[in-house]
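Several structures are given next for inspection.
Same chain, two partners: subunit A is paired with subunit B first, then with subunit C.
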Partner chain A sequence: MIKKTIKYLHQRRLTLTFLLIGLVLLLFIFIPLGKMIFSSSPSTLWNTLLDKEVRDSIWLSIYTALIATAFGLFFGVPLAYFLARHSFPGKRLVESLIDVPIVVPHIAAGIALLFVFGKSYLAGKAFDAIGIHFRDAVAGIVIAMIFVSVPFLINSAKQGFEEVDERLEKVARTLGASPWQTFFKISLPLARRSIFGGTVMMWARSISEFGAVLVLTSHPSIASILVYERLEAHGLEYALPVASVLIIITIVIFVALRYFTYRSKKQ
Partner chain B sequence: MSMVTNRRILTALIVALLLMPLLNSGCSNTKTPLPVIVAGSFMGPMEDLEARFEELHPDIDVQIEGHGSIQVIRQVTELEKEADVLIVADHSLIPMMMYNTTIAGSDEPYADWYLSFATNSLGLAYTNTSAYAGEINESNWYEILTKPDVAVGIADARIDSCGYRAFMTCQLAESCYDNASIFERLFGDSFTWPITVSVEDGIQTIHVPEILEPKGDKLALRGNSVWLLFLLDSGEIDYAFEYRSVAEQLGYSFLELPPEIDLSSENYSESYGSVRVKMDFQRFGSVQPEFTGEPIIYGVTIPNNAPHPNIAAEFVNFLISAQGQAILAEDDQPPISPARADNPDALPDELKELLQ
Partner chain C sequence: MIRLENLTVNLKQFTLSGINLEVKRGEYFIILGPTGAGKTLLLETIAGLRRSDSGSIFIDDIDITRMEPERRKIGFVYQDYALFPHLSVRENIIFGLKCRRAHKIAIVMKLLQLAKLLNIAQLIERRPETLSGGEKQIVSLARALSTDPDVVLLDEPISALDPQQREGVQNELKDICKKLNRTFIHVTHNFEEAIALGDRIAVLSEGRLIQSGTPEEIFRHPNSEFVARFAMTRNIFAGLVTDDGYGGSIFTIDNNKLEVMTELRGQLHASIRPEDILISRDVLISSARNSIKGKITRVDDRGATLYVTVSTTTEFVCLVTRRSYEELGLSEGSEAYITFKASAVHVF
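Then we have the complex of A and B:
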């Protein structure tokens, strides 16, 4: 019996080693999250959820991130497809520049946006003509979110398109499909999983954004800014429950998304 | 050379590269760190003080962290950060938030003394592209700020001392200019949940609601007065209520206001005291802060759980010395000379001597 177990463990030593190593990382992620959620009593969490200011800010985070992600899809997917299918001088440079918003300190990103979309600058003036303002407005939150999180979507979609066999597109073309039909019927569906993954990443990263939004739009306040304001104005005791509620809601959304993508994968 | 050796060399190089920072901190960096948490408005002078102090003490590495004044104290009392020196833009915060709060796991308070060591004044920062920059002066500023094409920035009174002091200044302006509508015209319609003023026994109390959210484009609110400066630079706002030291050090134009309202002068302590700012935090039971108008006085203390109390005392000593005061004066932060202790008996011995 013991011999059998040892033999079994021996055969599985790679799996076991990796499991142990992975466990360290899992604990590293789960313990702080768990501590955060359980630092507030259920009744405090419930009261926090009943707080209109908290609900408004979480809802604002969720829907501005959705709008940002929609813009990301509309502009990012065509760019990703172009980059996946064409090479041109300076392509590497363009691809590196796309990643820059991820590494730029986000307060600096916010300031950079202010100097383009501010009311005294070109883009700001142009949008002003159609009544869109960016300082302390929903549009400001959205552009800040797009700037810092769209690289995740572009990169993921590009990888997805690169993995689509170009011969399939060529076959479709020889069978009489137009380039548009080929894109929508062949390339896009085959790359959908990567695009979906990138979309979720972009949306999630948008919700967590703080620095760039803070510079452009402190009010109305998204959830991350409300956490900061409560911390500054009222102390840790009042900031933690807001953070916990935000974490719980995002966990629910993430689990739901994984569940649905897993189901569609099985079909 | 074989492929395998090549790879081994590469791996070794990578490992060496990863270990480099550890080696560095282990060998060459033997300096003692001196964590100092200061009010955002004191960052400029602090950096100059740091440079001079480190020149005098090459074995010490002053590490500066800046926050709004209330948050400076919370870093220690709530987030349990260990700091050697705390500097706030409102001295009254130290007794209010530290004298009665005990260090976790003991019955000792976080602090039991502080020194008043510098002053400042409140006014308006602006740039040469601000609307009406050529016209604004000491007697018409509140008229200019209420013009429809002028946007104004103010720090969040719930977070930054510069914010509640700006409210005080505007309320004091009413008697100074004999015009009872100034506060109402500036802020009456600017917030979703209005700020109200009540008068009792000659004391005007400004009530700040627990949710402070500007309405419309005319007023911008930021958690820290320094962040208003980005908005000023980009032309989003034309004027920002700011401390003189900050505006001057960072190269902005600064409109000085009369001493009756700029909270700079101890000669006007009594009239400043006729204005109060009260935070109406109904749901947030822990504190109901109330601030009485008084001259702006910066306070410094050494928390009782400071990791290096002796070096901290040496730094405070330097701060209130002639040398330190010269640096403050140069950075438009008028020193209080000599510095005053509110509770001289509790001072560390090193500082007692100097004050005598």
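Then we have the complex of A and C:
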């Protein structure tokens, strides 16, 4: 019996080694999250939720991220399709530039945006004329979120379109589909899983954005900024419950999304 | 009728140059060429999926060279079928009609007609991934036929099938072409497929059409090494396959009746490899079912081996080693018997 077990373990030594190594990382991720959630008592969390400022900021995070993602879809999906289907000189460069917002410090990204959307600058002036401001306004939160998180959507959608066999589009054309019909009936449905995945990533990344938003709009404050402000002004004790609530809400939303995408994958 | 005049396509690495071709309505036309000859490129250009750099394409004397693919009335069948994976068989077949906003009743009628013609009624509600290769191919053909194209282009349509399915699909393709009186242009690298299916064959090599004609013309007088090398290593005959009355099959060429092993019947082709034919001075008593008397009319010296042509009413080329040829004391003009097994004859 013991011999058998030893033999079994011996055969599985690669699997077991990797599992143990991986476990370290899993604990590194789970322990802080768990401590965060369980360090505040349920009543404290409930009271935090009753705080209007907290509720408003979380709601603001969620819906500005939704708006940012909607813009991302509208502009990003066509760009992704274009990049997936065409090659042109400098394409590599364009693709690298798309990734830049992911790698620059987000404070710097915010400052860069300020130099374009600030009132005395080009785009800022133009939008000012139609009454849209980006300093300390919802629109500022949205553009900061788009800037730093749209690469996730573009890259994922592009990969999805690249995986669609071009011959399917060609066959559709010979059958009488126009280029538009081909896109909406063949390419888009076949890439939908990647686009959806990218959408979720973009939205998630938008909710968690802090640096770029801080530069443009600290008031009204989204949840991440509220956590920071409370930490600065009142200390850890006040910041913790807000952070916990934010984490719990995000986890619930993501587990739900995962569940639904997994189900549609099975079908 | 479809006509290509001086069609040229320049790509970075490859050029399709000066293609001239005319295929009549109801004709089954084969474009034969090795991998990399530009076969797919030619079909995609005809379908309008690629721009040609010069030359013209006409269907029934209408110039379609600059027409969008969706307006050309050309159906396309790809090698690995290219069925839309997110749609059912039914939705795949009616896709084109829906795009053209055909009337609901017209769509149902067409679906029923195709299901009956191609015998796929039982597949209609299935998903593409649950179909066998042969079934996918037939569905792909049904989809291409749904919009009543003038010309159907088939890119290696049976190469991906296993041998059992291949024969069935092959016969079905030709039947459909004749039944519907549509023009079929089928590209392949497979010689036997080309001979079995083609009313006419054109040979494509390195982006040029180098020969066209009936299968007999192409294989009797090949002008490309690619075809010649194949033709030389096979005895290819056209003939009639009938029952022998004992459950076997007889292949009749001219006055010779060969015993063969096949389930097929009708006007077909057969090939025998030269190395599968034995030559002897006298009748050979053996288990081989075919033995024919003839006369040596030609000897091709290849060094250690010889290609010996033995003529009866038909010519058979046999491969023998120099040594056995000399030991048998054979020479041009002498009589000889040729012997081969029924299983050495491949009918297609």
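Methods note: the second predicted complex is superposed on the first by the 247 of 267 C-alpha atoms of A that agree within 3 Å, B and C clash if a C-alpha of one lies under 4 Å from a C-alpha of the other, contacts with A are read in each partner's own complex, and residues count from 1 in each chain.
Assume a residue touches a chain if its C-beta (ideal position, glycine included) is under 8 Å from a C-beta of that chain, and two chains touch if they have at least 3 such contacts.
Nothing here was measured: the structure is a model prediction, and the numbers come from that model.
Looking at the shared chain after the overlay, A:D99 reaches neither subunit B nor subunit C.
By the touch criterion defined above, A:L114 lies against subunit B but remains apart from subunit C after alignment on the C-alpha atoms of chain A. In the superposed model, A:D165 makes contact with subunit C only, not with subunit B. Of the two partner chains placed by the overlay, only subunit B lies in contact with A:L236; subunit C stays clear of it. In the superposed model, B is the one of subunit B and subunit C that contacts more residues of subunit A. On the side of subunit C, the complex with subunit A involves touching residues 44, 47-49, 68-72, 74-76, 78, 82, 84-86, 95-97, 99-100, 143-144, 146-147. Of all residues in subunit B, those touching subunit A in their complex are 68, 70-71, 74, 78-79, 129, 156, 158-159, 211, 213-214, 217, 220-223, 227, 230-231, 234-236, 281, 283-284, 286-287. The touching residues of subunit A, when paired with subunit C in their complex, are 165, 167-168, 170-178, 181, 185-186, 189-190.
The part of subunit A that touches subunit B in the complex is made up of residues 51, 53, 110-111, 114-115, 118-121, 133, 135-136, 214-215, 218-221, 228-229, 231-238.
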